[in-house]
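The following pair of complexes shares a single chain, chain A, combined with chain B in the former and chain C in the latter.
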Partner chain A sequence: MKQVGIPHGLFYYYYYPLWKTFFTDLGANVISSSESNRLTLDQGIKLAVDETCLPIKVYFGHVQELCRQHLDYIFIPRLVSVEPKSYICPKFMGVPDMIRAAFDNLPPLIDITIDVSKSDRPLKQDIMRVGSLFTNNNNRIKQAYTHACQENRFCRLLAREGYTMAEAISLWEGQQVQNPTSGDLNIGVLGHGYSLYDRYISMNLIERLRKMGCNVFLPESLDTGCIEQQAATVPKRVFWTLGRKMVGSALYMDKRPDIDGLIYLACFGCGPDSLIGEIIENKVKNKSFMMLTIDEHSGEGGLVTRLEAFCDMLRRRRMRGEGNLPAYG
Partner chain B sequence: MKVTFPHMGNAHIPIKALLKGLKLDVIPPPPISKKTMELGVKYSPEFACLPLKVNMGNFIEAIEAGADTIVMAGGWGPCRFGYYAQVERDILKNLNYDFRMVILEAPDSQVSELLKQIKALGENVGLWEAWKAIKFAWYKLNAVETLEKQFEYFLPRAINKDEVERIFDKGLENIDLANDRKEVNNFTRITLKKMQEQPCHNQPILRIGLVGEIYTILEPATNYNVARYMGRLNAEVTRSIYMSDWVNDHLLGGWIKKSRHGEIINCASPYLNYWVGGHGRETVGYTVDFARKQYDGVVQIGPLTCMPEIVAQSVLGKVSEREGIPCMTMYFDEHSGQTGIYTRLEAFIDMLQRQSYLQSSVRREEPIIAGI
Partner chain C sequence: MYYYLGVDIGSVSSNFVLMDQYGNIREKIYLRTLGNPVKAIKEGFTQIKSRQGGQLDIRGVGTTGSGRHLADVLLGADVVKNEITAHAVAASAIFPGVRTILEIGGQDSKIIILKNGIVQDFAMNTVCAAGTGSFLDQQAARLSIAIEDFGDYAIRSRQGIRIAGRCGVFAESDMIHKQQMGYPTEDIIMGLCEALVRNYLNNVAKGKKIEEPIVFQGGVAANAGIKKAFEKVLNSQVQVPESYEVMGAIGSAMLAQEEREQSQAPGNYRGDDFILEGEFKSSSHECKGCPNLCEVVCIKRNQEILAYWGDRCKKWENSINRQDKLQVI
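Showing the complex of A and B:
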């Protein structure tokens, strides 16, 4: 049985069920690296160029962990675009090459190119190419891919119930996940999935908010149609898939009366976020908005203090029936 | 309608010629200064890359000088540049400036979007005049680049480097003022002749390739003039990007002149096998190309957090190892201390000079380790 390693980072949180089902159906054994931890980051920092963003560094750490196991293949997709006329980020387009340049002990890479910006034909060809590494039966590859897409859709449906993508993946794998407890504040939390749902990168942001008595609203739990509708109100179509989702979600939550505040989690040095953050900050008029920027600095105190202050402020504003006037008049 | 545009190195000379040819009032932004940077940094998003901040400074200064229309380019990703114009417009509107923004970019769904923008600029002239304006701008651009290339050649070789710089700057100024082709030819010829007449030394000359992000390469104000500084250290700098090549390859599909673009892209493989936006793949391709042409070293420059350049930088280590060419990467932001940058450049060039000395045939027999 062939062993395929999948790093526990970047688009793992959006597509792991798809990838795992696909490879398992083709008769491979899928091994994913452990959840991000201090060691992952330390190794990643050593291997990656200083200027790359935190999620990429963590990804390097995951790849390093997988390199130590005896694998036949390691799966590092080149994610260019997952929907027409939109992109993910230039760094994602270069990840397999960056990994190849940084590692000497790599097992063979499966570097499938996912680019549906113009048409999905190249992707289909690439899926067949990857599938042929495991089987000669074309029908079996097609079936595996269809099944994989179904499983992924199922996992997304779980996320619609209010679970984070990380929790949804655990549920999908058959593990138990505690139901999110309900609190008195409703907070919308935005950010790229690979930093928001990674408990180490986001310093457990979502759990912390829930413990502080907040109901967390995530972009995955919102109606996609409403997100797209709101995203279309900005003068120019945002050409980053995740960026557009964030703008749409922020504007949608801005208009929803039940949401009390918005938090945006960004990574230091993230190109799209540097502009998307500005656009959201500019357009969100009705809600309190806080932008958190994280990097490899690991002190959690500052983050906790800011979250506490944010929640306190929202509660006090509601209790005293205070308006939106600043304290100075 | 008083039109302005962002600065990008000497591109203001042809752009001005073009807009004047379209019978528009042109108010170019004042040259980039400390004040431009300060204004830009003050009003731009903190983590935006440097070109956006410089653009902002340019626009504010130009509007205050009387401009009411901004011409800006756009794009559709994945590089951030494509969204610049939108963010800049919002910020300027929030600052209560009154202006109009004309964004030239490929249309998203309907060609009419682009035509509307172009029509706004060409309202004063007929098709024939517009064509003439474009041709004259292209002519000026080529003249400017001829001077730039000769300047890059003579600066490291000349004994009196100040004088060469002065001749070059004067030449650019004259081309900017020239009204027809004859004048442009005249000024180009005079300037070239003057540069050629400068006495040269016969010390060894290093050859260095300058690769990286287009704006940082073309605009000396954002790279602390590293190209001139290296020239003054007797290094001949060859840039990977010239404005005319970019226009030819990206706007015109390569039909004006023969292009090496395809060849360079092939050079990037197997190090970087996919397009990564911006000039990431070109950076890698040109580095390989410079290595194969026996250059002494490569300097990569870009704005801090530039995504395509980070990808390129990640693979440059491998390129350097396999192709045997020393590479150095420098990122620039609004930090204004140039000493650190110059020290790094000096150290890099010292290292290259020593290496080329050790490899040359004039090398002395005795070891040159001090103290033995």
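Showing the complex of A and C:
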């Protein structure tokens, strides 16, 4: 049985069920690296190009962990575009090349190019090419891909219930996940999934908020139609897939009366975030908005202080019965 | 007569305020933390005791600042609050109707927007600490001017020299360059103050509507040059409270009073002997329980372990029976 390694980082949080199902259906055994931890980060920082963002550095650490196991392949997709006329951050296009350049003990890579910006025909051909590494039966490959897409949709449905993508993946794999507790504040939390749902990178942001008595609302729990509708109100179309989702989610939550405040988690050095964060900050008119920037620091004090202050502010305002006043006088 | 103790343990200074039951400030102490918060807390408390003399009836303790949890362990606090809330409470008690608080401390700078005495919006510096007190400290030391005289130098200047304020490293090299060209020290210092203010307004206060009355507090408010630069750029009057350097401590004393007057339960204050008689030691070790290798801090009084923190999984922290207060670290 062929062993395929999948690093536990970047688009893992959006597509792991798809990838895993696909390879498993083709008879491979899928091994993913462990959840990010200090070792992943330390190794990633050592190996990665300095200019990349934190999640990419952490991804390098995950690849390093997989290199120590006896694998036939490591799956490192080249993500260019996952929907028409929209793109993923350009740094992601270079990930397979950066990885090849940084490691010398690397097992063979499966680096499928995912680019459906103009048409999905090249992707379909590439899927067949990847599938043929495992089987000669074209029908089996097609079936595996269809099944994989179904599983991924199922996992997204779980996220609609208020679970983070990381929790949804755990549930999908049959593990137990605690139901999100209910609190007295409703906070919308936005950010790229690979930083927000990675508990090490985000310093456990979502769990912390829940412990502080907040119900956390994530973009994945919102109706996609509403997100797109709100995103379309921005004068120039945002052509980054995740960026547009964030803008749309923020504007949608801005108009929802049940949401008390919005938090945006950005990575220091993220190109798209530097623009998207700004756009959201300018466009959100009705809610308190806080932007958190994270990088390599492991001191959690700064993050905790900001979260506490944010919750305090919302609660003390409500105590005075002024919760509905706009934040910008 | 009974009292409330407010403690603000910051990165650079540790401040103590003794407030009586009528809200009068009876004692205020400003100490340098000098990298040893435990010593500073003990020293501060000893000074309050010796200045007041006799037995003090302390009904409640409030702590704030980045060392608030440490102070809580040593003193036993009724309220452990973030700096934003503490500063806002103090400022709006002293200047009812204040709309904007500019606060610049040792490592943090913040802006707080209030409406009817309630925080409406706030922002803190993100990744970089350029333009905070510790940078000024460093520059004062380089020019061998006492930090207390820094502001006087600045206001003697007739024309500030333009200094790059975006980054501490750039600011320093720019200052050295100007100094080698022969510009007078006063003008360079005024230029630095203006650069700092520019940086603050462009980064921390970005996009916030700064309305009068404006209060400027925190350790850096001692610097008349910065106040002058703020007034010049904002074109409005900036007020500095009499106890500008201990506003965080005043706020936490008030919060402690608020808390104690609402609650029937006995206070958490551990008593004078606990802090004065005990020998406090802190140590740290690397937990080998998982690849995160958390650096766990242990606080001891004589032989008794008071608290652990720094572990992500809370294994160490929860090993000690303490009130829920610490759980949000």
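Methods note: the second predicted complex is superposed on the first by the 321 of 329 C-alpha atoms of A that agree within 3 Å, B and C clash if a C-alpha of one lies under 4 Å from a C-alpha of the other, contacts with A are read in each partner's own complex, and residues count from 1 in each chain.
Following the convention adopted for this analysis, contacts are C-beta pairs under 8 Å (C-beta built on N, C-alpha and C of every residue); 3 or more make two chains touch, one makes a residue touch a chain.
Keep in mind that this is a model prediction, so the values were computed, not measured.
In the model built by aligning both structures on chain A, chain B fits alongside chain C without clashing.
Of the two partner chains placed by the overlay, only chain B lies in contact with A:Thr113; chain C stays clear of it. Touch criterion not met for A:Leu209: it reaches neither chain B nor chain C.
Rounded to the nearest 10, the angle at the Cα centre of chain A between chain B and chain C in the chain-A superposition is 80°. In the superposition on chain A, A:Arg317 makes contact with chain C only, not with chain B.
Of the two partner chains placed around the shared chain by superposition, neither chain B nor chain C is touched by A:Leu54.
By the document's definition of touching, neither partner reaches A:Leu18: not chain B, not chain C.
In the superposition on chain A, contact of A:Glu308 is made with chain C only, not with chain B.
Of the two partner chains placed by superposition, chain B and chain C are both touched by A:Phe268. After overlaying the two complexes on the shared chain, residue contacts for A:Ile279 are found with chain B alone; chain C is out of touch. Using the contact criterion defined above for the overlaid structures, shared-chain residue A:Ile6 touches neither chain B nor chain C, since it reaches no partner. Superposition on chain A places chain B within reach of chain C only down to 5 Å, the least C-alpha distance between them. Looking at chain A, you'll find residues 268, 282, 293 touch chain B in one structure and chain C in the other.
On the side of chain B, the complex with chain A involves touching residues 45-49, 74, 76-80, 82-83, 86-87, 90-91, 94, 108, 271-278, 280, 304-308, 310-315, 317-318, 331.
By the touch rule above, chain C contacts chain A in their complex via residues 66, 81-85, 113, 115-124, 126-127, 207, 209, 211, 290-294, 312, 327-329. Looking at the complex, you find that chain A touches chain B at residues 48-49, 51-52, 78, 80, 85-91, 93-94, 96-98, 100-102, 113, 234-240, 268-275, 277-279, 282, 293. Interface residues of chain A facing chain C in the complex, by the touch rule stated above, are 34, 37-40, 200, 204, 208, 211-212, 268, 281-282, 288, 290-291, 293, 295, 300-302, 304-306, 308-309, 312-313, 316-317, 320, 322, 325, 327-329.
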